[in-house]
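Handing you a structure now.
Chain IDs A, B, C and D follow the sequence of writing; residue 1 opens each chain.
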Amino acid sequence: MTSVSPINTTGSRQRQARFARLQKWVSRAFARDLSCLIVPGQDVAVAHGLNVSATGMRVSASPRDANVLLIVGVLSEKMGEVATVLYAQMPRPRTIVVLGGTTPSSLPGADVSAGLSQEALADAVGRLKRALAEGAFAVSPMDFDASVLHARIEYVCPMHPEVVEDEPGSCPKCGMDLVAREAGEQTPEGGHDHEHHHDHDHSNEHSNERQQEHAHENAATEYTCPMHPEIVRDEPGSCPKCGMDLVVREDGEDEGHAEHEHSSHDHGEHDHSGHEHGGHDHGGHDHGASGFMSMIEVTKDLPRSADGLQMDWLEVPFGPVFPGLAGGLKLTLTLDGDGVTEGQATSLVGLTSEGENFEASDEMDAETFIGYLSAAIPLAPVSYRLLVCLAIEQAAGLEGDSANAGARTGALERERIASHLGWLAQLGRQLGFAWLTQRAATLQLQVREANRDSLAALEPALRTLGTRLERTPLLKSRLKGIGLLPTESSDLRGPVARAADEGGDAWARLRQRLAEISASLGLIKSGGEPALPVLRDVGDVSGTGEATVDTPRGEARLSLKLERGHVKSYKLDTACSQHIGLVPKLVEGQELGDALLAVGSLDLSPWEVTS
Amino acid sequence: MYAQAFFVAVFGLAAIGFGVVVFRTSSMMRSALALLFSMTAVGCLFLAMQTEFLGVLQIMMMATEMSIMAIFMVMFMMDPGGLGGMDMSHQKRFSIGAGVSAAVVAIAVALLSDWGPAAEQVVDAQAQTRALGMELLGRSMMIFETAGITILTAMIAATAVAIPVKNLSSKDGKEASE
Amino acid sequence: MTMILILALVTGAILFGIGVYGALSQTNLVMIMMGVELMLAGAMVNLVAFWRFLHPEAYSGQMFVLVVMTVMALEMAVGFGVAIARFRAKGSVEMEEAEDLKG
Amino acid sequence: MTVAIVLLALLGSAWLLAVVEGWMATGRLSPAAPLFRGLAHLGRESIVPRSPDRVFFEAAPVLLLVVAVLGMAVLPLAPDLIIADLGTGALFVNAALAYVLVAVIMAGWGPDGAYAMIGGWRFLGQLIAYSMLIVMPITAVAMRAESLVNTAIVGSQAGLWNIVYQPLGFVLFYIAAMALAFRAPFDLPSAEGELGGGVDAEYTGVRLAVLRLARLTLVVTLASATTVFYLGGWHGPLLPPSAWSLIKTLAVAVSMLLVGHYLPRIREANLMRWCWVLGIPLALLNIIIVGLLILVVP
């Protein structure tokens, strides 16, 4: 299983020749034309205070258009696999830049790694450019191969679906060559599921074709009449009853028409390479691929789509690295055409809601725990830092102190503004509303570390953004009535809950968040200078504490058990883990665009989804 | 003269070739688009025969028409990708016989009958278009208007048939009438 | 010139033949419509050829072609309308399964 | 000669649009960037996806480019600067642009990917919405010129540009043109936030370079058509005719990009509803008004 298909090798061989000719220029071009795919996501990068486009890199929506894989922070194991898949989808020469983390084991080592700050990023990009300009990265395919990619291929016998091997070979029953197919489901999907591993593709197609030729010989065992199933012959001919040509019958024909229809409608693996006329039977990838199939049979089990037509389904993963969704959030939608029949969202970066495992380790003292939790939630670190501080202080029996209450509120509200701006940028990304994305991201970067005075200076800009959005044509008609949630549904929190009263659709949520931005500005004015919440000295106390903080996405509750200043166990309950349950209701029966918008309007942060 | 003969022959062959592909491939997309290109070739044939307006019109109309044909193929075939390679035809011999005989008869008529002297020249495209317009809104206005009304009726009828009773928002009718 | 006329007529005849084959042999309503379209195309080629080489002064020839084009669009519209209706009702547009339409 | 000039103008405009695009994305004006980007694309590996319909996958970008160039071929830059001044030029522009749909559907089906396929079919729905609004305004334009010849159409605007004579038609055509070029806010088939690039998503390397060039060229062609039909083509004081054509074309093209920058993507259902419930009646009204004007005003 080489890392590049024959076609691509020849292709890149020509290109190598061209490369040798204008090496200098092409290398310079590579250096000048950097476009990066950010893992886990753009929102995370901005939340870390990174302004990627300022370094002269374009931010790419798909791995196809990217040549730099920019890994921000530490990746969970699942995200590591996703990153590998995405890397495999990027055209060569491709590079890896890791900021403030380690390269996932399944990837080749990082070409440039640096700290998690704007300066470090700029410096890293500079080094990368120099390396590229020197032509360090030839187009020649480097053998990159990862278990993640292999895990997706299994080998089945076309005639005996029950025969499934891990290695290519021949079927023990009929001796036919086994056909490669995607194992699919149990493996995590990247942003672009449909061809995870062009790396294996060609070998894959080859085996298909080989199998087809075999199919011509062996598979054509029985012939039957489309109209009169009782007619079964060993050789082709015409039906004695109706004179129609007999057609090949294949074993296991009548199993799972639904899947067959499914795999054929998303035209799973039609390769017409060479043979045009459908004389041969494929067997390989779908059941009942031959003979006459009653369309009524095929369609009768299919669900009716919105307009009452039985359409076949196509399960498409969106995310976890998808421009329209928060990084780390994976939305799996079952589509018929452009309509969503069902879907659910899962988080690949969520943290565990209950930590009991600290008994063994004594490292988990209060400060470490604060660091652990706020690091685990990059989109709203301050809120959770504050949450832990409050919980621990309560466990320690300290009174809420008025001294730095103002500072803490200030910090919380500042983060709320930044977070809502981040959501606006995300909305812009989803709606292809470039201006909003740029504006909101810029403001978010300014707000993140701003102090009271600079926030006051930013206030007009923020208010104009709000009013301008209210007046933007098409925006209201796009958002009105999208993602409607019943007002009385109990598990709503935060902005979503507060928006439920005035309409409870995406438009209401937008206005609610805009309102909260200005409200927070007011609070900061009246409150104290924003400062990162610091834990007051609690000593080696023991006890249990519980606290609630209204994070930007809704109340989060934390209860923890403290022993001699060490956190023994905690229980976390966040808004997002409630909201993510709403997704199936929200997307069902919607158009694709509306469904994505509805999910986006919830502002789900996969990091806060607890399992 | 010879150039014209050449182009007529080339586009004629193209039209026939794509026409054959329509029923030879097992991928619905391919047969739909093959039909499209066959129609386009017919349009070019018109152009080669100095019938500019009709040619361009044909080329224009068929693009949309056949693309819509394509989506309906994908909707209504069990195996749009053609990976099953299933045989979607019946009564082959009879059909082939009918097709061949029809073609042969027509060709025989074309070859055997005496067409008399053929016109050497036609007026240029602009004059043609003008004259055609005059014709349409002059002598054969009635026919033309009837055609217009008919297709409007067909649009409405098709939409009415197509949309389900429960929700009237289906666009299928419109697609069909494009 | 007559040679070109005959060339065009032969092309039209062959297209018509292919259309007849398609319309008769296909089991799927949409494919049958494709056959019909090809037949109409053949007819149009003949009409244009006749207009061009026999009566370039009579524009009713071109007008006739326009009418045929209209008929094509019409056939599409009605055909798809029926197809959708059948698909919704029976879940199939296969002629093999259209017993209720058989005489 | 003419061919060379027109093609050069086309390439130049496409390059300028690419620069503007880059400026909107990054905020920096870097004239060299598009060139480097193109060169880098040539250098990169051009991936063939899993099990593509190879014919369509390869043909789609090329067809899109060819179609855009063909459309440009019948549009005059100056009275004598036109590749082919067809007797049915205005109709031919339609015919050529109709194949944009075919190319996009090919690009959607070819690579065997869910996102691309959805994008391709989405564009068909989009066509159902906009196509009428391309044809009907052009009809009104041809009515005034009493000809389908593009040079004659420009000539008919010597006194009064069509944008003044039939503003309604201009607005409709401008919107429909943007929908046809599937630029934001009508970029449903290639939506990044919804389909991760849609029909563009599977193309890499050389093929991607061709696709990008084709899409920019398409915008130029449509802008040029708008100029010819509504902005009086080459008419204008002082400067030579071709200069005026270019200036107007580029202005329209850039305006198309800018509008997209400041608007959110339109909702598919809304587009369909507005085009059929509002657009087509307006287009008919436009035709009636123009007809009356022609009859009443000597």
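Annotations
Note that a contact is a pair of C-beta atoms (placed from the backbone, for glycine too) under 8 Å apart; a residue touches a chain by one contact, two chains touch by 3 or more.
Here the structure is a predicted model, which means the values were calculated and not measured.
When each chain is reduced to the average of its Cα atoms, A sits farthest from subunit C.
Should one ask which of B-D and A-D has more C-beta pairs in contact, the pair is A-D. We define each chain's centre as the mean of its Cα atoms; on that basis subunit B and subunit D are separated by 26 Å. Subunit D has its Cα centroid 33 Å from the Cα centroid of subunit A. Note: centroid distance subunit B to subunit C, computed from Cα atoms, is 6 Å. Listed for subunit C are residues 84, 87-88, 93, 96, each touching two or more other chains. Subunit A has residues 226, 267-272, 292, 295, 308-309 in contact with two or more other chains. Among the residues of subunit B, those in touch with two or more other chains are 27, 30, 53, 57, 68, 75, 88, 90-92, 128, 164, 169, 172, 175.
Of all residues in subunit D, those touching subunit B in their complex are 53, 55-56, 86-88, 91-92, 94-95, 98-99, 101-102, 105-106, 109, 121, 124-125, 127-128, 131, 147-149, 269, 272, 276.
The touching residues of subunit D, when paired with subunit A in their complex, are 24-28, 32-33, 36-37, 39-40, 42-55, 109, 111-115, 117-118, 121-122, 125, 184-185, 187-188, 191-197, 200-205, 208, 260-270. The touching residues of subunit B, counted against subunit C in their complex, run 1, 4-5, 8-9, 12, 15-16, 19-20, 22-23, 31-32, 35, 38-39, 42, 45-46, 49-51, 53-54, 57-58, 61, 65, 68-69, 72-73, 75-77, 88-92, 94-96, 98-100, 102-104, 106-107, 110-111, 115-123, 128, 131-132, 134-136, 139-140, 143-144, 147-148, 150-151, 154-155, 157-162, 164, 172-173, 175-177. If you check the complex, the residues on subunit B that touch subunit D are 27, 29-30, 33, 36, 52-53, 56-57, 59-60, 63-64, 67-68, 70-71, 124-126, 128-129, 169, 171, 174-175, 178. Note for the complex: subunit C touches subunit B at residues 1-22, 24-31, 33-35, 37-38, 41, 44-45, 48-49, 51-56, 59-60, 62-63, 65-67, 69-70, 72-74, 76-85, 87-88, 93, 95-96.
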